[in-house]
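Please read through the structure below; I'll follow up with questions.
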Amino acid sequence: MSAPTSSASAQQPVAQAAQATQSQNIVDPEDLIRSDDPEHPANLIPELCRGFYKLGWVTGTGGGISIRRDDHVYLAPSGVQKERILPEHIFVLPFAQSSVPKPGSQRDFLRIPSKKGLKESACTPLFWNAFTMRNAGACIHTHSQHAVLLTLLLPRDAQSFQISHQEMIKGVRLGGNGSTLRFFDTLEVPIIENTADEEDLTEGMAEAMEKFPNAAAILVRRHGVYVWGNTWEQAKTQAECLDYLFEMACKMLQNKLPLVGDA
Amino acid sequence: MSAPTSSASAQQPVAQAAQATQSQNIVDPEDLIRSDDPEHPANLIPELCRGFYKLGWVTGTGGGISIRRDDHVYLAPSGVQKERILPEHIFVLPFAQSSVPKPGSQRDFLRIPSKKGLKESACTPLFWNAFTMRNAGACIHTHSQHAVLLTLLLPRDAQSFQISHQEMIKGVRLGGNGSTLRFFDTLEVPIIENTADEEDLTEGMAEAMEKFPNAAAILVRRHGVYVWGNTWEQAKTQAECLDYLFEMACKMLQNKLPLVGDA
Amino acid sequence: MSAPTSSASAQQPVAQAAQATQSQNIVDPEDLIRSDDPEHPANLIPELCRGFYKLGWVTGTGGGISIRRDDHVYLAPSGVQKERILPEHIFVLPFAQSSVPKPGSQRDFLRIPSKKGLKESACTPLFWNAFTMRNAGACIHTHSQHAVLLTLLLPRDAQSFQISHQEMIKGVRLGGNGSTLRFFDTLEVPIIENTADEEDLTEGMAEAMEKFPNAAAILVRRHGVYVWGNTWEQAKTQAECLDYLFEMACKMLQNKLPLVGDA
Amino acid sequence: MSAPTSSASAQQPVAQAAQATQSQNIVDPEDLIRSDDPEHPANLIPELCRGFYKLGWVTGTGGGISIRRDDHVYLAPSGVQKERILPEHIFVLPFAQSSVPKPGSQRDFLRIPSKKGLKESACTPLFWNAFTMRNAGACIHTHSQHAVLLTLLLPRDAQSFQISHQEMIKGVRLGGNGSTLRFFDTLEVPIIENTADEEDLTEGMAEAMEKFPNAAAILVRRHGVYVWGNTWEQAKTQAECLDYLFEMACKMLQNKLPLVGDA
């Protein structure tokens, strides 16, 4: 299994890089999340999460989005109301291909929100899969009911969701980062089993991403979906297209309509 | 039956405490609801109710939220449009373990909104159950259609709703105030029968809370749900997770999918 | 049939009253719709219609609300986007028990919006039924899909919709203006047949209101619902409770659950 | 087949007209999209698209609206998040009866957004069908799930969607630009097959518009709908009425209710 794992040897250079970055460029780590630019990740994440909340994707503190820019990864805290996040709550981690940060190992952080009791999203190693294996610029995780219901309506042993002949397929990219699919193509999204702890999904997600190199997302049975893209715009567009297709597929299955083909 | 009840002897100390508080600390009872802090209960309750309205939880003046902070309980008036409440409409009651305020008994109030014709929410004694029996910091009541439809789709004699193997279960706490449930755990929410008058639910809700000490909420058949938490944030998170599960369970029942297990 | 009708003799005093009001109290008819009070009908109607649009009640220019205050009736123009109405678009008519304004008969107006091409809502005589027969202070008309679908799911010859044992029934008043119903009561809303022109519903609505004196609303098959109340707050509360019950009833019928009783 | 096509000879006069307009009236092409008037097309299109996003019509960058005013056609870029468009992103094309602009042929543009990488909506030639064949002032394209599901629930060989006896039919105009339909009339919307590339729908849409001169819209199987009107207000009103009818028809079909007649 080739899922990236965090090990002492791998973390070493990351910690060094973080120190280097901090000493050379950053006087105050708070500068990492202070910006007047509404498209700065620390401003975007709160705004996007408010939109995701309205869509029913991140209620009950679930789900979220992580954005990678240059050598930094921005993400929300764990277990907080995603529609109420502020820029000052955003965590910033150094990005390195070779390591997945282990939740709670604080030395990997460039910035830890000063508000006590916060820890970074439990999805962190899963977001990392998208960053390292697909060179993604952003990864979105939702608990959308359409995604979850779809994993329940499909046969119990289904390894993936497949659909074709839908216009919205054209908004999804091969592998999440390549060229867009065509109307006649069959979109395929692997389904993995849920685990007790979110971080334990890391390996299963990585395996599915290897087995399905064309997949733009990973469905987690009875849980939700992970979607990524080259940029936050592409990740969001694909998350919307896929959620639309999940919802449409649920309706089609309930009406006994085949998902693949144009019969 | 051990549901807290209001009696002359129990109310005596409350009234005294209220007087003491008023004489010692508070010059103007209006100060209890005047604050620039957006997280002050008098500001939070109107804001949260606007959000609940958009979710369809409190339309037609139904439902609401009560927040307890220190020795004060804040709640909305009865029979008003919950999405239009202002801080000046908020009632403030003294909190005492030993008493449940009887709706309309005005001497228990630290603050009665000056606008004529308002009376405190009919849910007051039900909120009190959560405060006294689970030491809750907040309690939410919704008329969500998902909660009501679920009580209709389950067998007529079902004493509770049970579901397992759903990620959103992990947002719910044992007893509403303990540790969070795990993915494989079976969440159980008791269902009680509705009564003609809301305050007559008090005893039935208390009995169910005793019988189901791990329950984080009480469903009321053909009516709605009461959900509590240590803080307003936890109460809201659990209300969202439970509403998500109620909705998902309705869909699963309509598609003949079992609610418990992972078959 | 006792539906109020507009006749030359009945309109005479109205026109006179209007002239009297104008000469005595009003310098500029625009004053009728200029107010800093957000609860002035000319400000409320646009705001409420924006909310109704979000609920799906008034899309496609359908539906709306009319408010009666003192001797004036305020209503929106016909055929305009209800979520974009401004105070300056509001029509003001004199209210008189004995007359129903005939759409387009301009001498009955105290104020005609200066913007060319507007005419008052085609629902005007239907709103008048609520004002004259139930002394209503406001009347709401929606094209809610829940109302329309319910009229299609019920038997073709059903004269009314009945439901009992729902908490939300308690938000509805006997006759729309009396005491609130109780949980165990059976709520009944008559259903009338639609007509080619909206104003031709006037008589059928009046007949149903006479035949069902306890009804708080009139359903129009394949069209929508009219709901009224003593005040705009009560009309809105009842419209929300009824729409909730229409939606719940559709779900119950689709799940083969009986609407009346608690079996 | 008489669908308007772009040819070298037809484009010549357009290019000349554009040059003439530019030299005579316009100093800076940016003036075409700068206006304080909220109803200027460059301001309206972003605002309307935000509303369409909330309705689920344009998620995943799909769908949009084009407005024609005088000799100019305004439209959004292709492949961008429609709820985030700004006036500065709007394309402006010269309007000429005799030509359909070929996407990407830049000499036809009066204004090309300066932001790099944008190209005009792929729907451009389809919007043109509405402008040239029905003299429309605006055309809306949605990916509404109601439209798409309806094309799946109807028989595979259905050439059109038909419905009667619905109040909302009265908001739709004959041919999209004539008199409004009546309650008893049968509304008919042709359904065409989807194609791999959006612009390849141009001919099929034009054929259907010719074959169904009374149609106010064209459904595209497994894709969405195109709706037009004399003005943007009429196009939006008709898009809302039709979407309501598509949704209602889906529910009726799922409940085995006939779409035509009042049985």
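Quick notes
In order of appearance the chains are A, B, C and D, and numbering begins at 1 in each one.
Basically, a residue touches a chain if its C-beta (ideal position, glycine included) is under 8 Å from a C-beta of that chain, and two chains touch if they have at least 3 such contacts.
Chain labels with UniProt names: A, B, C, D = Methylthioribulose-1-phosphate dehydratase.
In this text, all values refer to a predicted model and were calculated from it rather than measured experimentally.
Path length between chain A and chain D in the touching-chain graph (shortest route): 1. Bringing chain A onto chain B by least-squares fit of CA atoms involves turning it by 90°, to the nearest 5.
Chain centres here are C-alpha means, and the one lying farthest from chain D is B.
As for how the two copies chain B and chain C face one another, under half of their interface residue numbers coincide. Centre-to-centre, using mean CA coordinates, chain C is 34 Å away from chain D.
Distance from the chain B centre to the chain D centre is 48 Å, each centre being the mean of its Cα atoms.
Touching pairs of chains, sorted by label, consist of A-B, A-D, B-C, C-D.
Remark: chain A residues 165-168, 171, 182-184, 233, 236-238, 240-241, 243-244, 247-248, 251-252, 255, 257, 262-263 touch chain D in the complex. Those residues of chain A whose C-beta lies close enough to touch chain B in the complex are 59-62, 80-81, 143, 145, 148-149, 152-153, 156, 194-196, 220, 222-224, 254.
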